[in-house]
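For reference, chains read A, B, C and D in written order, and residue numbers begin at 1 within each chain.
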Amino acid sequence: MLELRKDIFADERDDNLKEIGKGTQRQDMLGHVTGTSTYFGDHKLQGMLHLKVVRSSHAHARLRRIDTSDAERSQGVRRVIRGADVPRNLNTLLSLINFGKDDEPSLAVDKVRYNGEPIVAIVADSEREAFEAIAKVRIDYEPLPTVFDVEDALKPGAPVVNETYPKNTFTYHDVYDHQKLRFGDADAALATADHVLEQRYQMSPIEHAPTETNGAIAAPDTNGRYVVYTSTQALFFSVDTCAKILDVPSNTFHFIGGTVGGGFGGKVDTLTEPLAILGAMLTGRPVRYVFGREEEMQYGPPRGAERIYIKDGVMRDGRIVARKIRAYFDSGAYTRLSSYAAVKCAAHLPGPYTIPNVYGDVYCIFTNRTPATAMRGFGVTAMDFAIECQMDKLAHLVGMDPMEFRILNAYRDGDMKAHRREAKNTALIECVQVAAEKAKWPIREEFRRASSRKDGGGSRAAIPPTPTESRARPAAPTQQRTTYDRLPPTVTREPPPPTPPPPSPRPAAPSHGATRFSSVFGTRRR
Amino acid sequence: MTRHRGRGMASINYPIGMNLGGDPSQALVHSNPSGKFTVALSSIDLGQGMKSVTRQICAETLGVPVEDVYVDTADSDTGPHCMGSFASRGTHRVGNAVMAAAREARGVMMEAAAEELEVNAADLETDGRGNIHVKGAPHRSISTKDVAIAAQFKQGKTISGRGIFLVPLSDVDPETGEMSPATCYAHACLVAEVEVDDETGEVAMVRMDSAYELGRALNPRLVEQQLVGGAWMGVSHALYETPEPYYPDPVHGPRDFVEYLMPGPGDICPHDIAVLERPAPDGPFGAKGPGEMCANPVLPAVANAIFNAVGVRIDDLPITPEKVLRAIKAQGGARPQARR
Amino acid sequence: MSVTVKTFTSSSEAAAALSSDRSARYLGGGTLVMRALNEGDISISTVVRANDQALSRIDASGPRITLGAGVTFARILAERDLAFLHAPARSIGGPAVRNMGTVGGNLFAPSPYGDFTVALLALDATVAVQGGFGARDIPIEEFLQSRERQAGTLVLSVSCTRPASADAFRYRKVARIKPKGGSVITLAAHLPISGGRIAGARIALGSMAPTQIRARAAERALEGRSLDAPSIAAAASAASEGTSPSDNALGSAWYRREIVGVHLRRLLSGQE
Amino acid sequence: MSKTPLQFRHNGRDVAIFVDGGTNLLVALRELIGDMTPKFGCGQGGCGTCSVLVDGELHLSCLTLAETVAGRSVETLDSLKQGPNLHPLQRAFADNFAAQCGYCTPGMLMAAKALLDRNPQPSRAEIVEAISGNICRCTGYEPIINAILAASGGRASA
């Protein structure tokens, strides 16, 4: 049941519109209910071949030998594709926006870095014949030590997952193994806070599970071009990725898609198009490469896991004065898009609240698991879980109603956000008020009267003095320049404040019986 | 008493468009000789309603009925570049590109109509029903069909428009993280009520109440689809889903829809939604994007409701019955908090 | 090579074809064999079918009922005389799977499937099989324990004694997803009452061991006693004894051991 | 490769095709007959997107050996629309915005039809049961349940 609250912010809108705001039927609904909407897999081409891949059975191993001779002779096999057949067998998705280094082969050559990594592709007359040939590919693995935990991956001596990033971390700004966010002096504020609460949060990976699996059909077309029917969520992303991997001009391809059976972020990675096209190039026949469901679930990229540590300082009156966050994105064996999500996550800190001292370190970590990718709420979903669970605990700690606690700390128009941009067009307070009203959750009058458009700015608009961290900058960038390093970094000019005294350790005595917090809990400073 | 009810809430915001910008989308709009319009895109409809929402944006901007507009996507030979359907960028980025293209096409259409009606284009307006008339003089009118015929066959004009929308790429300061991540944000608050079985750790959804601020609901039915389906996904993320049930140990990964857990039609609960509209200055008609953020408040609201019900905090997603049961046992039993 | 389909009119011919070919699998409702083929299981190159009417026969008139191996769950649900088996039949899949899946196939369904078999185990069913050496009846428990070796045999039917009353047989499938989900654990209890005392208690569990098993300790706790709070509590606390559950995507061994007693108590005491 | 002749009724029309051994009904319908309305979602029997009616009973075409429908009647979503008129279920799905990506819709509609053919006035619980073998990842099921209720003359509300 959906109710439009036109009464709120009415003065900011012109509702005199004809088509906008109407619940017009979807353009695609008739196609959907009659089954005539055309998805990539609904294209039937004469003489179509089927492509299946041989996947690694090890999470981390050197490939000593790949023997495809029996597979090549297997009935119905038209072509066996190896890494050497891929014109540019190393890519990273965001190289299209010049972010990050090529780190992922289309077909593994000398090493596999996750269980299920593609090693060989078989193009055959039927799926059955492709499966039969797959069983005939012999691969000699030399297993290597694995690492699956993001914090283990950072430890000295941890197995190197991806040699492009030997520290198992993505490199930011050529020098850092994480993205920083610095706003004010969080440590100083924590030292003077009434309560400090430090917590650990964890989100396991999540699978997109669209009802239509990833797939593509590629076929030779006239003029040396290839037509490609695809489930992609990002048509030109896929076109340009294929052009790079296959080393041909992008107008070699005619991509057709746009009607996709669910994506949720899981169809951004251009997983099937390059090999389907390569298969079509090598055989001269239409080639179809579609994930089975188990492939989609286990080897299609998930929303990556995240581990988040939050340390907050809160005053007895409910004001949060400091928030320190350390977050680890589990990127799996390759970068894909996690590097980007970490920056988005840093920008999102400290959530929709005005906190005068914020400190964030966000890491993109490599482990021996299926590479992660974007998903609905990318970079934010797990952080919001952590922040909002933390907010509930803080409210509990100071004895405030959680709704009122949100309103008290909510960002308002004119406030300075931690990424140093003014908050505008905010509406968190109104959402809390309306949700409370709908849920018949009583909040006090002063909180019912609060407004995103009032009481912001002023001292809340200031950028607080922020301590600088000393570090030796390398003389010259040692790595590929990214879009993020085109300008010299601006270093905050304020001198560092005197180091605050270290907080005295106190026994973690829960102030109420119900909760068991894992670390520092409710340590009173005054 | 083995089942306990509890309520929890969470409030969130969400950035619209690709972080830092630098993610353009283009649109082409043109009329056929009968005054029917085609929007050519390369954007993807994954079910979120891309085709439908851009169609309404185009119709509104042109001043023609929605039936006179058809959105054709996605073909890399005919549709101009679009970064893709992700990062809540569809409505905002593509919508703006379509608006720009439709504005340009409308300009030509109004000029062509002005020539036919022998007036100044600035004195004309559309009625949204397929006609263009002189302001204040509805009888001095011409149909968009007749304008299109005249433009094409008499005046030699193409009623068409090009649009692009680009939020320029922001730099990121390596030391402070100073950056311009997004130009606008959507907001939400959600209250979840759950029932927790303290002997099995099972959590059942009882109901949800929510408020979402989305700039403008361009099509409330499409918004409702996103919010209802997105909240379901939020419940799913909160309580059920993962391809690695023993993360970080990668064992026992699900292989099918029986092993990969998502709430079934018997697990859903009533959900009352309010939509608020604070227009984004740079959104098409003020719109932001509801598609991604709708799931996010559900996860913590459910976790907080579980605490309210039985007094345990589960900080690891998904919140499986096992985690709840272990926590209850470690605590020595359920400790219901004050009812909300 | 494509798959060869061999269709026979008699079950004995089908059984012979099955036992003589290691790559042959018998196709019942398709939910196991067709899935395997779709997923690229190349160990199957022959699919054996039988159109024998006997395989789809239901004999539900007397005190002992017999279900042909090819009887689908939907047919059981349509049979009023089989009301005691409706709960387990309804717990299988969604409607389409129930229209296709068969009693015989369920005996071979690997974990987390095979819930109907839990009910049959509690009912002390007998499995009639036809192998290379002719037909014979095997107690279901023995059949399950030797299931790996039954690949070349054809199940013809399953039979069991009808419970004396609706109360005497209870079934519960614990699933995360409603109304259709994979089993976390599945419980079935047959508690014949004689003179106010339980005589011949049978409790069967699914997902508590590599195959469906009997909870003998719980059975002993009930045997000869009346079904009351103390005996139920004793059975519940003995429920996990002798079990060897494992971790899987639906739950861990620890969790299964923790809740099996809770659910057994609820099942026996008639709680939700 | 040996092919097996197969004849059956497809949406009221007799069809004759040749299938490879082991071909499932979904492949036969889509690739040999050209009826693209049933979709591939998993090939495992877990999603219901390939649902069709075989002699009026809901079946998963991906788990149906094509040869087993010889002489039987197979109905797909393509059979629902009569000329220009949508079936009441199709109309109700549209009116209730019960499709987003649309990929599960053919299977959902067949599951709904199988229900209403036997039980024209189902309860909400019966509807939930009837679609329990069909996965929808977009809608959260509520609009689908409401659509089926509406098509059966019930009230479209929670």
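Here is the rule we go by: contacts are C-beta pairs under 8 Å (C-beta built on N, C-alpha and C of every residue); 3 or more make two chains touch, one makes a residue touch a chain.
By chain, with names taken from UniProt: B = Aldehyde oxidase.
Treat the numbers as computed from the prediction; the structure is a model and nothing was measured.
Enquirer: Report the chain whose mean Cα position is at the greatest distance from that of chain B (Aldehyde oxidase).
Expert: Taking each chain's C-alpha mean as its centre, the farthest from chain B (Aldehyde oxidase) is C.
Enquirer: Identify the chain pair with more contacting C-beta pairs: A-D or A-C.
Expert: A-D
Enquirer: Using Cα averages as centroids, what's the distance between chain A and chain D in whole Å?
Expert: The computed centroid separation for chain A versus chain D comes out at 35 Å.
Enquirer: Report, in whole Å, the distance between the mean C-alpha point of chain A and the mean C-alpha point of chain C.
Expert: 43
Enquirer: Rounded to a whole Å, what is the gap between the Cα centroids of chain B (Aldehyde oxidase) and chain C?
Expert: One centre to the other, that is 46 Å.
Enquirer: Measuring from the mean C-alpha position of chain C to the mean C-alpha position of chain D, what distance in angstrom results?
Expert: Chain centres of chain C and chain D, defined by C-alpha means, are spaced 28 Å apart.
Enquirer: Can you list every residue of chain A that touches 2 or more other chains, as numbers and ranges?
Expert: Within chain A, the residues that touch at least two other chains are 1, 25-26, 28, 126, 128, 209-210, 259-264, 292-294.
Enquirer: Mark out which residues of chain B (Aldehyde oxidase) touch at least two other chains, giving numbers and ranges.
Expert: 45-47, 49, 221-222, 224, 228, 230, 233, 245, 253-258, 260, 262, 264-266, 270-271 - these are the residues of chain B (Aldehyde oxidase) that touch more than one other chain.
Enquirer: Quick one: which residues in chain C touch 2 or more of the other chains?
Expert: 2-3, 37-39, 179-180
Enquirer: Taking chains as nodes and touches as edges, what kind of graph is this: line, ring, star, complete or other?
Expert: Here the contact pattern is complete, since every chain touches every other one.
Enquirer: Under the touch definition given earlier, write down the residues of chain B (Aldehyde oxidase) that touch chain C in their complex.
Expert: Residue list for chain B (Aldehyde oxidase) touching chain C: 199-201, 240, 245-246, 251-255, 258-267, 320-322, 325.
Enquirer: Under the definition above, what is the set of chain D residues touching chain A in their complex?
Expert: For this pair, the touching residues of chain D are 20, 22, 30-31, 34, 36-44, 46-47, 49, 76-78, 80-81, 86, 90-91, 93-94, 97, 99-106, 109, 135-138, 157-158.
Enquirer: Which positions of chain A touch chain C when the two form their complex?
Expert: Interface residues on the chain A side: 52, 75, 126-129, 131-132, 134-135, 292, 294.
Enquirer: Sort out for me which residues of chain C touch chain A in the complex.
Expert: 1-3, 37-40, 42
Enquirer: Mind pulling up the chain A residues that touch chain D in the complex?
Expert: 1, 25-26, 28-39, 41-42, 44, 126, 128, 208-213, 259-264, 290, 292-294
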